[in-house]
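You will see two complexes here that share chain A, one where it goes with chain B and one where it goes with chain C.
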Partner chain A sequence: MGVVGTGQARSDAFDKVTGRALYTDDYSMAGQLYAVLVRSPYPHALIESITVPPLGPDCFVFTAADLKNNYIPCIFNDQPVFASDKVRHHGEPVAVAAAPTLEGAHALAESVQVVYRPLGIVDDMLHALDDDAPKLFEKGNLCTEFHSLKGDPEAEFGACALVLEHSYDMPVQAHGFLEPEAAFSYIGDDGRLVLISSTQNSFGDRFTVCNALGLDLQSVVSTAATVGGAFGGKDGNTTQIYAAIVTHFTRRPVRCVFTRQENIRWGMKRHAARVDARAGFSSDGHLIAFSGHIRFDTGAYAMLGPSVLRLGMEHMCGPYFVPNVKLDGELVYTNHAPASAMRGFGAPQGAIAIESFMNEAAGKLGLSVLEIRKINAIRTGCAGPMGGEFEHSIGFAQALSAFEKTAFWDEMKNRPLKGVGYGVAAGMMSSGLGKHVPDSCHVSIDRQSDGSFVVSTSLIDMGQGSATALAQIAADCLGVGFGQIRMRMGCTEGTGDSGSTAASRSTFVCGNAIALAAKKILGGENHAEARFDFPEAGGEAVHTMFAFIVQGVKLSVDRADGSVRLLDMVSITDTGRVINPTLLDGQVFGGVVMSCGYTLSESIRYRDGKSRETDFGNYTIPTSLDAPALENHIVEVPEACGPFGARGMAECPTVAVAPAIVTAVRSLCPDADISSLPIDRYQLMEKKHGVCSSHT
Partner chain B sequence: MRKINCIVNSKPVSLEVEDGRTLVDMLRQDLGLTGTKKGCGTGDCGACTVLLDGVSVNSCICLAALADGHEITTIEGLQKDGKLSDIQQAFIDHGAVQCGFCSPGMIMSAEYLLENNPDPSDEEIRRALSGNLCRCTGYQQIVDAVRDVAASRRQAD
Partner chain C sequence: MAFVLHTPETIKQAVRLQRETGGEYLAGGTVLLVRHAAKPIDGHVISLQGIPELKGIGYRGPVLRIGALTTFTEMHKSGLLGGHFKALDEVSRIMGGPQVRNRGTLGGNIGSNSSAADAVTALVALDAVIRREGNLITCIELSDEKVAASAFAKVGRRNAMAVSVANMAVARMTDGSYRVAVGACAPTVLFCQKTSAVLSSGGTFDEAAQALQSEIQPRTDRWGTEEYRRAVCPNLLERLLAEVAP
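And now, the complex of A and B:
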């Protein structure tokens, strides 16, 4: 009997519950320096001069002038390593200071004299494209735009029995991983620069470092330490380049660890969004036409924003077939800290519109919220919203049917509790990096002299449990016990570049590569390598494989103070064959609660280009008291090309939580206008005393 | 500088620290006990939770000087004769660990809870752990693990 499908305990759990696991900040070496950034106090300013004071022994400052190439490689290459002529957001790095103590490094950073000439700022993305808006770049503040049209939605809206329209303002969300961004670097025994970091992409980090410093790729070794959560916020440069620069020039060990304040104010973020959507239904509940417009605030630099925008548009119709679709999106620059990838990658921003429409239409057309979703549920072979078709397995209809059998649904339909609000929503989330982005995984398997196997890949376990799930796959492919497999992950040595650990892709793409390599081992080889390419979407579609979720929430609202108490949340997840149900539950529960925070409490608010939230004291992520009791059930609709039938799912649980909560809150507070997140509690307070107007 | 004499994980320790040194920095940097994590430095996240004379504290907002003459237990001190504590084991069994960065502090808070309340309700478990943020798990499997340990301990009594 194999180990796939069992709740095998994590291979890294022992080290983590005993404190032995080594995170980046746990490394130290004799002679190490601490690196601290010199950051801009202005959100938008010209730099007139940078003056470094006379440096004491063991003190160092580096700026753009020290670099071969002053940009961070990404989609548009518009972000400098160090601002040199202009700063575009508050806290933008201008220089790095290093000293033997952390206090010394901070003092040194403060002593660097930078003369700025402040410029007008773009503090509101809705005005970023105004004629009189200050320009971040010469080309203006439109970073990129995207448009898609299928059928003729404008004409069809006129023929629809019901047309719904709504706009939403969605907040900036912080990833809130517990381990702040961190990097540690030193010169190894062989003279190469070794970079250990909290990262989602070791090869990407190596390229960033070598590009900036003009080094050959083989002169840098990049590896992930134990990573304390990432959720997209460590996909790209955070601290890595700064540690490496100091080590390169000083030949000393260097640690660069962000404070929580740096993380909250200047770490990557989920894009704020303005969503305008319209949906037209026939009298029998068919979704006939949809038009959606999204504007995302990417902050001062594009980072992964263009991809986030495209994915957000692609997911805007939700898991429903719509014959007529118009999608328009734009990504605009503002003088805010840059947004980039965050779990859900643009999908949660749009999901609130379509899912709210579904619930509202169900009520108006006399259908249940599950019936209307069943009527419109996508199935394999359906045309996608942007053309192309859904080619892979889809268990959405099955998930809806499974939801009908839950105790939650029975209670909601047949014996709802007084004073309790119920809300249901559904979501889908793609897996894979998408068309035009290289999406391959390299794996090697080595038979050891003791009969065990080492499986190597550059993909990284940031906490999601891929090291365990992939070892389960390897064990079953090789026909050995789980204990016979050791995973070696996250290093630029040993295997090829498998890209970023992102896009809910690891289990699928790496599991398949492991299966290919294992076949060679079973054929008698002691060392085998294999590469698996993620299947590309056909037609105009960007992504081709999806996970699905149906979620219900139960909550109460205290109308005296407007507070929402989450009671229970139940999820039905379709991710193909499940490799490890315990790990799957953990991904669902974590994703759900992350989005409970998105809906009810989390928001980075900018005033004059500076974030008002500064740490976990005022940026409040859910605690164990805020989180509801959680339940997850699975429907297994296997994927023919997945490892043991699996599809990726890590991001899916974040997508539909907000509309479920918003629907439940609306049922209790029909007078509240909920058009922005997090839900404004003053909107939920009974307005009989007239106290609310001053707050809204 | 100031001399600190204390007991850390049942062993007497004597060292000199800077006046402003925090307990978490003393543990991690001076004593090499890196199992205790630093997640915020402001007492908000609980990753640095240790027991000071059996009481859970955020070591990032305690001065090292507080430890002078007292006893500290960190995550490294929970194993007895190489065997995991029942809470550590339950965290593994229930999938209550993901990235693991909150786990040491979370486990210390759970130890404190069950030492003082052997029969907690779910609400009491959630309240006792509410000073320990976790972004990965959504807390459900952590609550399950703690409830399970409480039940096993009561059964064993």
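And now, the complex of A and C:
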């Protein structure tokens, strides 16, 4: 009997609870410097001059002038390492200051004199493309756009029995990881620059550093420390380049750790979105036509925004087959801190529209919210919303059936409690980086003299538990116990580039690579390497493999103050074969609570281009008292090409929470207009006592 | 200047040290340390933790005396606030989170000078007496003879660790009058004189709600809007009046 499918305890648990695990901030070395950024006080301004004061001993300042290439490699390469001619968001780095103490580095950073000429700002993405909007870039504020058309939705809407239309404004969300962005670097004994950081992609960091400094790739070693959460917010440069620049020029160990303020104000974010959608149903509940338009606010730079836009559009119809689909999207620049990847990667913004339509249509057409979803549920072989087809296993219909058997559904259908709102929603989330992005995983396995194995990959366990799940896969593939496997993850040394730990891909892509390498070991080798390529989507589709979720929420609303009390949240997850049910529950519960915050209390609000939220005191993520009681069940519809039949699911639980909550709230407050998140409590209150009159 | 910590053992010493150094008192530190989070403290700090006279909660005759250094956890666990001082008990049970309630003190809540200080709203409604020695708050006194019943409610953006968007306490006094206090809806915690008068003279709820609207001066800030605060106050009043009803 193997360990796959068991709730094997996490291999990192003991080190974490005993404090033995080394996070980036735990590293220190004699002679180290602290790096602090000189940040722009303006959201949009021309830089007229940068003057560095005379530097004391052990004090250093570096700017764009010191770099070989002043940009951060990404999709569009539009983001400088240091602003040199123009700043495009409040807090944008202009220089890095380094000194032997943190206080000294702050003082030094403050002493750098930058003369700015402030420009008009784009503070509202809805006006970013106006003719008179200040331009962030010469080409204007349209970063990129996306259009796709299948069938003839405009004509079909006319023939539909029911056409629903709604717009939503979705907020900027922060990842809320416990460990802020952090990097530590030094020159190793062999003269190479060593970068240890809180990251999702050590090869990516190495490339960023080498590109900026003009180094060849072999002269930098990049490793992930123990990472205290990431959720997409550490997929790309945060602190890494700044530490590395200072180490490179000073040959000294350097620590660069963001404060929580820096994290909340200027760390990457989930894109704010304006969603306009329309859905047409036949009288028997078939979704005939859908048109969706999304505008995403990418802030000052593209970062991963173009991919987020594409994925958001691709997921906008949800897990439903629709013959006629029109999708349009825009990614616009504003003078806000850049948005980039965040768990769900554009899907949660659009899901609120289609899932709310499903629930509304069910009510109007006399179907249950599960029936209407069953009628439209995608199945393997179905055409996708942009053409191509769903090629891999899909357990969505099974998840809907399983939901029907829950005590939650029984209560909701047959004996709903008075004063309690019930809401159901479903979601799907792709796994894999998508077409046109190299998506392979390299693994090496080394047999040790004691008969145990070291399994190496550059993918990273950021806290999601992949080190444990992957070791379970390795143990079963090699036919040894879980204790015989040691995972070595997140380093540029020893294995090839496996890309970013993102897109719910690790278990699938790395699990497969492990299986391939293990076969060689079983064939008698002591060292084996293997590479697995994520299967590419056919046709126009970007992604080809998905996880599915059906979620129900039970809540009450206090009409006196408009607060929402979440009681229960039940999830049914389909991710193919489950490698570790305990870790799966952890992913579901974490994703749900994160999304409860998205729906009810979290939002970065900009005023005059500056984030009003500055820390966890005012950026209000849910506490344990705000979270509902959580329950997760699984349906296992195995994936033929997955390791032991698994598909990836880490992001899936963030997709459908908001529409489930919004639906339940609407059932209790039918007059409330809920068109933006987080839900405005004012909308939900009883307003009776002379509230609007003026008083003298 | 540098950080200098003083640890007096008596109220007298503390007051003298404060006068001589101009330093700040430190009780639980949940406000002071947050205020200094960005920059290290540079100056005199006078810790009150070593002054036994400031601690403890107990009755002297009909007067409940709460030392300024008493924490919210200590107040709630004392069991002495359960009855007619329910308003303060509720604050002690729900303010902040467990860590904040373990460290934060009643004196510090008053000293924090915040219009959103939850305990202050309760104390105003309860017609508490605040005893001072110089500018040191030494104890708070509540009288069984004054208060018949009381209740408190707060609205925050989440269920714990939340600054009040609005809070309210209502006390029904033994002489049949009412005292209403509101927090976070004016530059200071507000004793709602007119509202209290309307209720005390047997006015209707609508009259009281109108008086309330005329007294509060809510503003829109990062926590909530003016319109939200105007809408929530009468709702809280209605709820709390039901709770304190004879």
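The criterion applied here is as follows: the second predicted complex is superposed on the first by the 690 of 696 C-alpha atoms of A that agree within 3 Å, B and C clash if a C-alpha of one lies under 4 Å from a C-alpha of the other, contacts with A are read in each partner's own complex, and residues count from 1 in each chain.
Going forward, contacts are C-beta pairs under 8 Å (C-beta built on N, C-alpha and C of every residue); 3 or more make two chains touch, one makes a residue touch a chain.
All of these numbers come straight from a predicted model, not from anything done at the bench.
Undergrad: Once the structures are superposed on A, label A:Ala560 by its partner contacts, choosing first (chain B), second (chain C), both or neither.
TA: After superposition on chain A, A:Ala560 lies in contact with chain C alone.
Undergrad: Applying the touch criterion given at the start, work out whether A:Asn526 contacts chain B, chain C, both or neither, answering first, second, both or neither.
TA: neither
Undergrad: Is A:Ser283 in contact with chain B, with chain C, with both, or with neither (first, second, both, neither)?
TA: neither
Undergrad: Just chain B (first), just chain C (second), both, or neither: which does A:Leu625 touch?
TA: both
Undergrad: Output check: A:Gly586 vs chain B and chain C. Expected answer is one of first, second, both, neither. What do you get?
TA: Only chain B is touched by A:Gly586; chain C is not.
Undergrad: Would you check which partner chain A:Ser167 touches, where first means chain B only, second means chain C only, and both and neither mean what they say?
TA: Neither partner.
Undergrad: Comparing chain B against chain C, which has contacts with more of the residues in chain A?
TA: Ranking chain B and chain C by residues of chain A touched puts B first.
Undergrad: Classify the contacts of A:Gln448 with the two partner chains as first (chain B alone), second (chain C alone), both, or neither.
TA: So A:Gln448 meets neither chain B nor chain C here.
Undergrad: Looking at the overlay, does A:Met685 come into contact with chain B only (first), chain C only (second), both, or neither?
TA: second
Undergrad: Of the two partner chains, chain B (first) and chain C (second), which one does A:Gly229 touch, if any: first, second, both, or neither?
TA: first
Undergrad: Where on chain A do the contacts with chain B and the contacts with chain C coincide?
TA: Residues 617, 623-625 of chain A touch both chain B and chain C.
Undergrad: Help me check something: in the complex, which residues belonging to chain C touch chain A?
TA: Touch residues, chain C against chain A: 34, 40, 97, 155, 157-163, 205-206, 209-210, 212-214, 222-223, 225, 227-228, 230-232, 234-236, 238-239.
Undergrad: How about chain A: which of its residues touch chain C in the complex?
TA: Spelled out, the residues of chain A in touch with chain C are 103, 559-563, 601, 605, 612-613, 617-618, 620, 622-626, 681-682, 685-693, 695-696.
Undergrad: Could you pull out which chain A residues touch chain B in their complex?
TA: Chain A residues touching chain B: 7, 9-10, 12-23, 25-26, 28, 175-180, 226-231, 259-260, 462-465, 582-583, 585-586, 588-594, 615-617, 621, 623-625, 627, 629-630.
Undergrad: Help me check something: in the complex, which residues belonging to chain B touch chain A?
TA: Answer in residue numbers: 28-29, 33-42, 44-45, 47, 74-76, 78-79, 84, 88-89, 91-95, 97-104, 107, 122, 125-127, 129-143.
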